[in-house]
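Heads up, the next two complexes both have subunit A, just with different partners, subunit B and then subunit C.
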Partner chain A sequence: MSNIMNHNGAAMLAMMGKECVTIGSDLTFNTGMQHQGRVFKVFPVTDKILLGLTGLFSDCQTFYQNVMYEVKLLQLKEGREIQPQHFGVLVAHMLYEKRFGPYFIEPLIAGLDEDNKPYIANTDTIGCLTEPDDFLVCGTAAEKILGPAESFWEEDLEAEELFEATAQALLAGIDRDSSSGWGSVVYTLTPQKMVTRFLRNRQD
Partner chain B sequence: MSDGAYSYSLTTFSPSGKLLQIEHALEAVNHGNSSLGIKATNGVVLAAAKKLAPLVDETSIERISNITHNVGAVFSGLSPDFRVILKKARKNAEKYRLKFGEEPSAKVVATYIGSLMQEYTQAGGVRPMGCSVLVAGFDHKHHVGELYQIDPSGSFWSWKATAIGQDSLTTKAFLEKRFRADMEIDDAIHTAILTVKETYDGVLTENGIDIAIVGERQTGQGDSAKVTPIEFKRLSVEEIKAYMAENE
Partner chain C sequence: MSASVAPPLPGRHSYKVEGTNINFAHGTTCLAFRCNGFAIAAADSRSTQGETIASQAVTKLIKINDYIISTMAGSAADCQYWSRYVGSESQLFELRNKRRMTVAGASKFYSNILIQYKGRDLSVGSMIVGYDDFGADLFYIDNDGQRVRGDIFACGSGSTFALSVLDQEFRPDLTEDEAVELARKSIYHATHRDSGTGGQINVIVINEKGTNWVVKQDNFELFHKYINDPSPYPLQ
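Our next item is the complex of A and B:
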């Protein structure tokens, strides 16, 4: 528990489907070996972009505030919403700006662009951007979610199937990680709406 | 050193509420070589007269410059002042690209140049820019051209077609008569050449004019129709010559 990235604990997973994306996260908030309470780790950026933040939670909150400053400034200046692809570059840029005194966070981005093309991405603490076309894992439970996610994910899943795959993989992973848990939340983003569902997993 | 009245901006309101330095800067613009911009259905055309002393090598003069791949600018007035604007606008555009992963639109570039020009009317130790700028770009998402004018005061606005510099009133009146909303890039180039010719002192040759275009080109018909973007580019002397021959 000496690694600052594992101090607060988190399990996060994003999946890409057919004109839909999901992002699932646990709710735990620890300080080292002690459990403190529950927090939300997925934040809204626009109506069609969600930003999940794992790592040191204080840095997550500050980074979210700073990135929203840029997003809202762009909205005001240009009168348009930022697109997920450009948001990914912005996040990476802002993290690399702090290359030698980094935020201890690993962000996960999920969104739909103006043509409703799904987009998911994550970066490391200094903004190395990864933009896959299947799924992404993050947090202390990352390695434990990865296996289930590989077996549950399929190409071109519809929103409901994608939610099911995300929830199953997330729950399976969380059960094998003592640093994450205490309930989960899965957001399903489609062109029409965003659905928020809470999962009751083991409460220990 | 920074004490006393001389550390203040020279641009101070006159009792009648005018900023004389800015009005004088506009006068510098009106003495400069004329430039014009025309929006077409599928792009934007910029053109500028190159009226130089007889022995100057015209090929060394670039009146129109690109700022990004899809945005370019032309100026009337003091060319060294424009060079400063160009350098800063290019740097700003590259910063934008680095930050957001896409190039800024013409509106973003025009807004930036506007802010820059305004700063030079208020900051200490500087004078206003002695040039007006036309910024042209193309919005490939919505398939519309963008054409902005920025003045030394920092104010900027959008035109369907306009002219700045020497004889700009005559040129604008000419453009008002010639402008058609359904013109394509090729027609707009012809109109641009005719318009420059109208006020050009002497015989206009392909070396006496600078032309640049930005937009898109449609190729094929029906199902095989394809729209390909045209990045902002200056026409070569040969291309200008060909267009002028068509005009004869």
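Our next item is the complex of A and C:
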């Protein structure tokens, strides 16, 4: 709570499946030990890329605005949509640009590329990119979600199964973290559509 | 090297080990209040270590004897051990004197122990609630040696939230049912808003018949009863 990265609290999890990705997050907005209200922490970038931001929420908002400026500029210049892999590098570069006065954020990227190949990535505060092929955790509840995620995730899950794994891991983790909770949301991204589902969380 | 610093006196130095955290119940909400003919003690059940929830099922209302309850905030071990100690002494008192120890007496006895250990890192913040020959009584005591009588107390990280609900509806002439409901509601709002408070809600009524544990309920059951949630998305 004295750490600026833990001030607002968050729980976030992205999983990779067979031609699908999910990204789930809690909804709480804390200041220190007080639950102030609910906010959305996962932001749309394109139809097939979602950006989850944990850390200091004011930096999350600023960073999202700046990253969207770059994404839209590229769209206008090149007349094509940015791909998730490309977007991951963009985010890492934008964070490293502020190497000596960083944004206090840890972003999580989930998307499908033009061949519907799933992509998930995250970086630390200064833009060290990691691109695994299973799942990623982020936020104050990161360590608490990691265990459940490890046991629920399997290779080549279909969209519905992947949602279930994400939701279960997220809920289990949130219930052990005092700084996250107050409801959560899971986005399931498939080649056809994006599905948004809200989860029934404890409210303490 | 500074020669002016005296070495710690034997048995008077601090036993705190660097990097350890023994104050399990620091994030908490306990409340107690006194009405005509009875008193109420209530608490949540969450225990945190840093941001991690260590347990959601801690009993923070400790029975000192059949007529006196102490609430727990601070170090769980300190509160449990000394409450039990005061309890055994109150039973001996009863055998020796053929009358029950008063709430004032028990709290004074407890407070005297805490004063003896002052400066040696005991961590206790407790409300002593009970019923004796003079009626319902209530004291707040802590490890600084403070001991205050009062009608309403709350302590812990969520106490501000609990008090704002409690103060709104408290009257000395509440019925037992009304008082229990008020205690439940006060603790509930603390569980909702304070990240250090959560789990179950426990409420104990103490009257001329003794202590009666009337509420032991998960706070989530009460969400829809108390919170008129204006959120635009479904939470079921």
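In this text, the second predicted complex is superposed on the first by the 204 of 204 C-alpha atoms of A that agree within 3 Å, B and C clash if a C-alpha of one lies under 4 Å from a C-alpha of the other, contacts with A are read in each partner's own complex, and residues count from 1 in each chain.
Please note the rule applied: a contact is a pair of C-beta atoms (placed from the backbone, for glycine too) under 8 Å apart; a residue touches a chain by one contact, two chains touch by 3 or more.
The structure displayed is predicted, hence computed values, not measured ones.
The larger set of touched subunit A residues comes from C, when the choice is between subunit B and subunit C.
With both structures placed on the common chain, the touch criterion links A:2 to neither subunit B nor subunit C.
By the touch criterion stated above, A:77 is placed in contact with subunit B alone, subunit C being left untouched.
By the touch criterion stated above, A:86 is placed in contact with subunit B alone, subunit C being left untouched. In the overlay built on the shared chain, the residue A:178 is in contact with subunit C alone; subunit B does not reach it. Across the interface of their complex, subunit C is touched by residues 1, 6, 9, 30, 33-35, 38, 140, 144, 175-179, 183, 185, 198, 200-204 of subunit A.
Residues of subunit B that touch subunit A in their complex: 98-102, 105, 107-108, 111.
Residues of subunit C that touch subunit A in their complex: 27, 46, 48, 51-53, 56, 157, 191-199, 219-220, 223, 227, 231, 233-236. By the touch criterion given at the top, residues 70, 74, 77-78, 82, 85-86, 88-90, 93 of subunit A touch subunit B in their complex.
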